[in-house]
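In what comes next, subunit A is part of two complexes: it sits with subunit B in the first one and with subunit C in the second one.
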Partner chain A sequence: MSEVPLLEVRELSVTFETAGGPLPAVSGVSFTVGPNETLGIVGESGSGKTVLARSIMGLQPRARVTTTGSVRLNGSETVGASETELRRLWSTEVAMIFQDPMTALNPVMRVGKQIDETLRVRLGMSRPAAKARAIELLEMVGIPSPAQRYNAYPGQLSGGMRQRVVIAAALACTPKLLLADEPTTGLDVTIQAQILNLLDDLKDRLHMSVVLITHDLGVVATRTSHLAVMYAGRIVEFGATRDVFAHHRMPYTRALLESSPRVANPSHTRLAAIPGRPPNLLTLGEGCAFAPRCAYANDRCHVERPPLSAPDAAGHSFACWNPLSEESR
Partner chain B sequence: MLRYVVRRLVMLLGIVVVISIGSFYLIHLLPGDPAAVILGTGDTPANRAILYKQLGLDRPMVVQYFIWLRNILHGNFGISFISQTSVASTIRAALPIDLELIALSQILAFAAAIPLAMRSARKPDGIVDRILGAGSFTLLSIPPFIIIVLLVLVISIKLGISNTGPSSYVSFGTDWIVNLESLTLPAFTLAIGSFVLYYRVLRSDLIATLQEEFITVARSKGISRRRIMWRHAFRPSSVALLGSAGVNIGGLLASGFVVEYLLAIPGLGYTLIAAINASDYLLVQGIVLVVSVGVVVINFLFDFVINIVDPRISRE
Partner chain C sequence: MSESLNELGVLERPEASTPLGWLFWVCVGWLTLNVLAAIFANVLPLVDPLYQNYNVVNAGPSLHHLLGTDDLGRDIFSRIVFGSRVSIAVGVGAMLIGFGIGAPLGMLAAYRRGRFDTIVTTVMYVFLAFPAIVAVIAVLSFWTPRSLLKIILVIGLASVPLVYRVIRTATMAIATKDFVIAAKVQGATDRRILIKELLPNIAPIGVSFLLIGIATVVTLEGALAFLGLSVNPPTPSWGNMINESRTVMSQNPWLVLFPSLALCLFLLCLNFIGDRLRSHFDVTEVKL
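And then the complex of A and B:
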């Protein structure tokens, strides 16, 4: 991360005003993503991953949402930016792939039109040029007979094909940063790997940085250079992916790792579920949000929130009063 | 798509056949014997039998129906016993007035409803939305015959614009300015009800569509709000709009009758009421048949348009 960061998030907090009081969906999140880097963000459902991604984009609705902190995209601030300003960044600087390809495409618009629309509106391409480029993009994302598929409606395509279309639309203006919010959650397992490999491949070809958001550690293990673990709206562990997997210090990270199946384990090994439930963000106390579910928690954990430690030599940081020692892993 | 259209066409044909049987039977339900009317004082059993044979009334009802149907299909609706004129030519003179009136009112209604619904949907429960909502409800709650009286009072009498009445009606081909002038008032009256319906239907569908994920996706591409509204939100939101327009336009023929009668515009409605008053049953039958078939065909056409707008419908 010696280079100028492409994405720099500083102390980003997003709070929703709800009937039950303020709900801190994201609290004090900071990280950077350099050119050609892939950052993985993992966490359970409700840990704030999607809100984080939408806030980076500036797509979060304004009403009843308070966003503080800073998000700089290639130098441009997105927090508090007007939609007109953001529109200049969207598609060309940053693009997003959404979770569910079933709902991300307009059901009554031909898929090709949904791709070349971006080219025409954002790059000012002529109709025929945009169409030709859209067909190229469809081919690039591995859609067979792209010229025919150009005229298909989303309902005529499978889930995997639709996600490929979503990717093609997102990449139409070759963004420098791609935010992928659970890009494979809605797909069959066999298709998941295909889509992830495609993203990996496109990232190299188009020299993009990618933020890959997922709840599946298996997805990020081999495909990301850095990894952020989120819990209750905060980053609780951050480091090089390899480092986080091998030398995790935060008990939550360990629990997350132990709850995913491993090939090395003998078959029928019971997965270690994380006891308890994710915390209610409306009633977060002073202490560590994970403390009620943590086997290592002591009195301090319940009353004082551990800050994210200063990164060590390898850039690894964690938020825990009782980090797992080197030996215990 | 083609299969869907063919299936619908077969259905359409079935409905039209039922309508034709209904209109045919209408005449037979009426009391009185045509032979008695025609023969007058010469009404003897012998004369009556001869006349029955001449008119074909001695044949079985089913045969009579098919003879009647064949005539209708040839555009022969019979000669009115009352006015001694061809029913078909009377209808042919009146029908274009209704078609023009409905077309004008629909243009007005859509031209107002679509942009206002979009404006409302942009900020649901915002100040503009509330004002439009309250205003449209007020308009909806006033019956057309009250509206028309108010409009006549304000526009025709107080302001002296848009004269109405049978004498002032001129066909579009003769003088289109006078023609439009004479139809402004009725078209406006008919448009109000349609406007409120379309505005409300489109507004709520637009609000629902704008919550969809694909709208967020479109926004994230950097597309302007205006383009998202027209290109992404409008089309998927217009299915219910078109469906209600199909039904509404059919109904307009009926409410159009009231307006026509009140403003003395010589359209089908005016003609129908006059025919009922004059006991001109053949003319009544002809108008009922034409209007019923018209309603069915309009609904079929709207179904067809809906299929083009939302290709998911014919696919399932």
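And then the complex of A and C:
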């Protein structure tokens, strides 16, 4: 992370005006992503992952939403940027893959057309050139007989194939940063690994950086260089992926890790579910948002929110008053 | 699943779609016949639709009068053919005006949202709250002399708020889908999104509403004719023939049956064609 960061998020907060009062979906989030890095963002549903991704893209609606802080994409600010400015960044600097490949493609347009539209609009390619390139892209994402699939409608492709098309469309203009918002959630388990490996492979071939958003720790474990754990709109632990897995300090991270199955466990081991429910963001108190569900919480945790600690030598930081020590793990 | 089917060659023809079927072509034939008859009514060997033959009043179908005669001895077949001119012109014309104004406005409002949407929607809802039929009657009563063109224009404008509401709602359901955002993020301009992403997705709803609209307008023209606010009698239209026949329905049921049948068949064919075309061109579902 020594070079100029490709993506630099500083103190980003996104607050929705709701009937029940202001809802802080994302609060004071900061991180950077360097060239050719993969950052994993994990958290439960409702922890602000998707809002964060959309805010980085500048896609959050302006009405009844307050966004503060700064998001710099290769030097350009996207918070408060006009649509004209954003359009210059989209698809050539940053692209996004959506969660559900069933809704991310226009059902009544041939999949090839959906890719070469981008090439023609953004890169000014001629029709035949764009078509040839679109077929190349389909081949690159591993679609068999791409020339025939070019003419297929989304409804004629399986979920995995559709997600490959979505990826091909997102990568059409070789963006420097790819935001993947739960790219495998809508897919069969057998296809998930294929898609993730494809993303990993493309990242190296196209020299992109990737932000991989997921609720599945298994997904991020081997495929990301850094990991941010989100809870209730805040980053509660950040560090090199290996480090976070091996030396996690925040009880929430531990709870997350324990709630995913392990091959090493004896059979019929019960999964440790996290007790309680994710907090209601409208009624967050002064304390740590995880305190009500935390086995280690003390009085201080309920009244004072722990800040994200300064990163240690390895770049590892966490937000906890009672961090887990080596022994307590 | 479809991947393995692909390997089996089942999906090798991506264009395989529902066949149109023979009934579709019967309907197309019937509509073509209707339209051609309306256009060439003058040169067809028909009795003058206004000629009153008092020797055969309220007669049933016969060789001389294929569909019988009305209470003034006029040939019903001839009047149905000539009446189709007014009915088809009013139905299609008014709906073209309604969609020409209402559909683009509805799509724009649903896609742009914001102040434009608020203003246009408020104006349209004010018009919707006011009974359209009263407005149509009022305008047609005072805007004399009446002509076919004026009738088409007034009914067409009165249908704009209805079309607007249907199209706006249909567009809103599509405009928030991920693929629209994806298209935008991948560089598509607003115009491209409206025409290429949204329009094809709302077209099925638009077409079915258009067909129902034509049916409604044809009957509305009949109701206006009954009030003496459509084309002046004795010029026939399907609507005014049905209305006039109500007084003699008990003596001569043919008189109400045949124009109703003509209207009914016309609309049935339109709807059937619309439905078949929709499933023929539907690409959103896999067909095996």
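In this section, the second predicted complex is superposed on the first by the 329 of 329 C-alpha atoms of A that agree within 3 Å, B and C clash if a C-alpha of one lies under 4 Å from a C-alpha of the other, contacts with A are read in each partner's own complex, and residues count from 1 in each chain.
Just so we're on the same page, a contact is a pair of C-beta atoms (placed from the backbone, for glycine too) under 8 Å apart; a residue touches a chain by one contact, two chains touch by 3 or more.
Fair warning: this is a prediction, and the values are worked out from it, not measured in the lab.
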**Request:** Quick one: on subunit A, after the overlay, do subunit B and subunit C clash, or do they fit? Just give me the call.
**Result:** clash
**Fill in**
Winner on subunit A touched-residue count between subunit B and subunit C: chain C
**Request:** Could you look at A:A314 and tell me whether it touches subunit B, subunit C, both or neither (first, second, both, neither)?
**Result:** neither
**Message:** So in the superposed three-chain picture, is A:S158 touching just subunit B, just subunit C, both, or none of them (first/second/both/neither)?
**Reply:** second
**Request:** Figure out whether A:A246 sits in contact with subunit B (first) or subunit C (second), or with both, or with neither.
**Result:** neither
**Request:** Check the residue A:Q148 against both partner chains and state whether it touches subunit B (first), subunit C (second), both, or neither.
**Result:** second
**Request:** Mind working out whether A:V4 is in touch with subunit B, subunit C, both or neither, as first, second, both or neither?
**Result:** neither
**Message:** On the A-aligned overlay, A:V303 touches which partner chain: subunit B = first, subunit C = second, or both, or neither?
**Reply:** neither
**Item:** Candidates 43-51, 133-141 or 169-177 of subunit B: the single one with C-alpha clashes against subunit C
**Value:** 133-141
**Fill in**
Both partners, subunit B and subunit C, contact subunit A at residues 57, 59, 87, 90-91, 95-96, 98, 100, 103-109, 117-118, 121-122, 153, 155-156, 166, 169, 172
**Residue numbers on subunit B that touch subunit A, as the complex places them** = 212-214, 216-225, 227, 231-232, 235-236, 309-312, 315
**Residue ranges of subunit A in contact with subunit C within the complex** = 57, 59, 63, 87, 90-91, 95-96, 98-100, 103-109, 114, 117-118, 121-122, 144, 148, 151-158, 160-161, 166, 169-170, 172-173
**Message:** Per the contact definition, I'd like the list of subunit A residues that touch subunit B in the complex.
**Reply:** 57, 59, 83, 86-92, 95-96, 98, 100, 103-109, 117-118, 121-122, 153, 155-156, 166, 169, 172
**Complete:** Residue set of subunit C touching subunit A in the complex reads 1-3, 6, 11-12, 14, 114, 177-179, 181-189, 192, 196-197, 200-201, 283-286
